[in-house]
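Order as written gives the chain letters A, B, C and D; numbering starts at 1 within each chain.
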Amino acid sequence: MEENIYRKDFPFFSDNKYIYLDNAATTQRPKVVLDAICDFYKKSNANPLRGLYDLGIEATNRYEQARERVAEFINASDSSEIVFTRNTSESINLVAYSYGLSNLKEGDEVVISVMEHHSNILPWQFVCNNTKAKLIYLEPDKNGVISRKEYESKIGKKTKIVSIGHVSNVLGVTNPVKEIASYAHKFGAVVVVDAAQSAPHKKIDVRDLDADFLAFSGHKLMAPMGIGVLYGKKSLLEHMPPFLRGGEMIEYVTRDSATFAEVPHKFEAGTVNAEGAVGLAKAIDYLESVGFDTIENIENELTAYLMDGIKDLKYINTYGSINPSEHSGIVTFTIEGVHPHDIASILNEDNICIRAGHHCAQPLMQFLKVGSTARASIYFYNTKKEIEKLIYSLANVRKVMGYGD
Amino acid sequence: MEENIYRKDFPFFSDNKYIYLDNAATTQRPKVVLDAICDFYKKSNANPLRGLYDLGIEATNRYEQARERVAEFINASDSSEIVFTRNTSESINLVAYSYGLSNLKEGDEVVISVMEHHSNILPWQFVCNNTKAKLIYLEPDKNGVISRKEYESKIGKKTKIVSIGHVSNVLGVTNPVKEIASYAHKFGAVVVVDAAQSAPHKKIDVRDLDADFLAFSGHKLMAPMGIGVLYGKKSLLEHMPPFLRGGEMIEYVTRDSATFAEVPHKFEAGTVNAEGAVGLAKAIDYLESVGFDTIENIENELTAYLMDGIKDLKYINTYGSINPSEHSGIVTFTIEGVHPHDIASILNEDNICIRAGHHCAQPLMQFLKVGSTARASIYFYNTKKEIEKLIYSLANVRKVMGYGD
Amino acid sequence: MEIKQFYREIVNEHNLHPMHKGRMEGPDLVLRGVNPSCGDDIILQLKLNGEIIEDAMFIGTGCAISQASVDMMADQIIGKTKEKALEMAQVFMGMIKGNITDEAELEVLDEAAALQDVSHMPARVKCAVLGWHTMQEILNNPEKSEKLS
Amino acid sequence: MEIKQFYREIVNEHNLHPMHKGRMEGPDLVLRGVNPSCGDDIILQLKLNGEIIEDAMFIGTGCAISQASVDMMADQIIGKTKEKALEMAQVFMGMIKGNITDEAELEVLDEAAALQDVSHMPARVKCAVLGWHTMQEILNNPEKSEKLS
């Protein structure tokens, strides 16, 4: 592989020493996104959706155009199906509070999987506790695959909500969300897709998936922090009560009651994060200019290189598929006799940034019977040289820790 | 007054034609804040509170230092009393959902005022609807003042929560929140202060006010959009259930249950907005370098100039105090025979940005018996020349609308 | 046209001296139309004779653009068939949203075409279309007709 | 000291060959200490003779730094009074947080002072102090003592 041609687009890489391999946690931002932020504040800054003056209209337009850009990105039918939130976690909480609390009752079931991120577990624990619905877990097989038999045995007449991660942030595996959605819809359940780890890596088509709700975070695909997305089918959003209340999400307010604005504004209380939306739209432009094909190619090549490079180190165990192209750039591993935190500290001395811990997926850790794991997560701006250094450092960890090999 | 020495700090003013007088809606951002955003992404960008590597620690430190800066800014005892949110609206919703829903019951009373922003009305309507508590309104006198007699007659043994705006975004009046808090505390009520319009203009001291909760928005004091603050007394925050759930706000998660992190992290679900926090800390630095004395002086001088300049136009009615220094830079007015939206459109042609409408305060509009009003809101970077132009334009509005004068 | 000029030459006349403002005796169709965000609030009243709109009046309050627009509309639809009025509404909406700019096409609007400038004032689009939108609603859904109170 | 060197020269010995790891017969005080974010999880067991800590042992799992630190701690507190052990804990915490750097002051820690480098590894502070923190807890609140299961 040649020198990576995308790195120069990122100020982050221009003068620091880090080998950044924690891309599943958050990504770096290209200059075009930082420029878009500054440009917004310099030229179009006013409170969107409020001012009647030209500057206010301009702010509103840039904000609403960002919404259209997002709709196009995930192939939503209409931009009113895009609600801006802070992040994936808030998006899922919104569905849990607004749809979940008002549609679940004792005897109903919510189905999630053991490999969910806490952000797709805790909101459902909360809703189930409050409504006395039952929380059911799909279990993957030892390769991390949720089989057809598994989901067909757990989804049924009592199922009201299925909420499932598109790509696992630990195993990197892609779940069969389209098939699960189609099966769940037979029973009238609504399907929530946690796309936090898929949106940065592969084309999302909400209509093809037939997702009822879908959530992702801007910061995981090079957009600013503080902006996230909730897609929801219009017919569902329209019948849901608001979640946060205040500001311009209303029609009329009297002392005792209020009527609410149309979707999506009904769900966006208070001053919106126009900077974040504008930055997200620009990040999507940038991402699509690179192209998902290129992204997947680079990631798969680097992932293969990494998995191949550590294959001979018998004391390293990796999780998930043995096929590198089924990892979305995520390689989670443990080293026998070495705690993942010690791995991270040792790699840190070589300026390599990897994640160690439970990755906000404690039930999956319990399922895998490990306390914690280490994780290297690759994005298209990483290079073969960086992976080489990672392999080299990993090959030395046990020696540093006092083992013979 | 000399040329304003602060304008050069703002890229916004460098090459546009606008006279921006909608500062109560959102403010412009100084270059130092934009630089802080870019600097964060260039040098310290990782997911805070997660990575063990140096870059992750650096991101965490910058985020937590921002929290300390905010604590100092409002004189909180401890930085753990500062929860980062998106904006004032979310801060108040957090209190309503987490404290309100779990502490109110039928027969209890929540006291707010008629001049509240929707963001400090709708969450309480919601909580009261859900708990069957009663929502009680304090009424100002015709000058916009909530008298001691008024609040002493409405706050009492049944009062569990008093939520009150520090400065009204329509009248500009400062409410006696310290006195109200002291009275409400006699009955054991908790006091929530909506400081969205005060924090940009005057020193806030949560301990002096003895506020139990206090909320404000970064974007109204020159920080990025997408970051807000909820201050809460530690003893209260600690006993409240979480609001949004997911990510690093936990201690342990099993399939059926979870235990939560300490405050403030318990209330910050998912990836935090470190950019916003860092930008907010820098905005506070900048704001304090200007100084509240200077800010109040400039605002009062310009407000006086404006009120004086329109005094002779008998068809213009202003609202709130007749004393310009009791306006926090906000001048709300109507012109007889001209709808506020037409005023805004006409001023827009002169590149003057003012707000027209209900200002997210419909109950106050009903109280004032107006459908909507126009509002010019001043910040310290405005100039006498700008106000002059505003006065000139206002003096022409009725002529444009076909009236003789 | 500049905005001030637009007020002076087009809006003011209808706003200050509306020809069709007032309460109608025995209207056939009545509908309230509201723009929550601006506070424009009108009640449109129509008298029908078969397919023909025999008279149109409005009451209510709002900004000058909303008031002038509904007054101009009333002026134009009186004597037209319901079908023609709906066709005009289509053209008017298209004009205000900037989708129809062809003068020949706009001719059907007659004087109401003078509001074309609103297409450059995005914040005021809702004001300009309120009357036309209310008319569409009530002609298409006569069962929604209200009582004048 | 560099981190790798720090592991090699200080941590590994105690991590790979702990001297005080194991289940104690008839302990007087037992407390579990946990760092949720890392998964460090130890059970500290103390045997007392009046004011004197006669023996200290631990079981559990965790990262090398947490394991080495608690092993070093046990080594240092055996034979000391409870008061002395608490004083040492104070000094240790101060050292790790970077507040105490004076060598003379650190002398009381003896070999445990070798963990000073952790003060430059902010992510690992919790690991290093887990054992000492657990000891403080149980000496200050003996009523919290648990049963060894």
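Everything below uses one rule, namely that contacts are C-beta pairs under 8 Å (C-beta built on N, C-alpha and C of every residue); 3 or more make two chains touch, one makes a residue touch a chain.
Everything numeric in this text was worked out from a predicted model, so none of it was measured.
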- Message: Component check with chain B excluded and positions unchanged: what groups of chains do you get?
- Response: one piece
- The chain whose C-alpha centroid lies farthest from that of chain D is chain C
- Query: CA centre of chain A versus CA centre of chain D: separation in Å?
  - Reply: 39
- Task: Quick one: report the Å distance separating chain A from chain C, using the average Cα coordinate of each chain.
- Result: 48
- Note on the structure: Between chain C and chain D, the Cα-mean centres are separated in Å by 81
- Item | Shared-contact residues (touching 2 or more other chains) in chain C | 123-124
- Of all the residues in chain B, which ones touch at least 2 other chains? 51-53, 56, 250, 252, 341, 344-345, 348, 357
- Item | Residues of chain C that touch chain B when the two form their complex | 2-4, 7-8, 12-13, 15-16, 37-39, 41, 61-65, 121, 123-124, 127
- Residue ranges of chain D touching chain B (in the complex, touch as defined): 36, 122-124
- Message: If we count contacts the way the header does, which residues on chain B are in touch with chain D in the complex?
- Response: 51-53, 56-57, 61, 250-252
- In their shared complex, chain B is touched by residues of chain A numbered 11-12, 14, 16, 18, 20, 22, 25-26, 28-29, 34, 37-38, 41-43, 45-47, 50-56, 86-90, 92-93, 114, 117-123, 125-126, 135, 137, 217, 219, 224-228, 244-248, 250, 252-258, 269-276, 341, 344-345, 347-348, 351-357, 360, 362-363, 366
- Touching residues (chain side chain B, partner chain C) in the complex: 338-342, 344-346, 348-349, 357-358, 371-372, 400-402
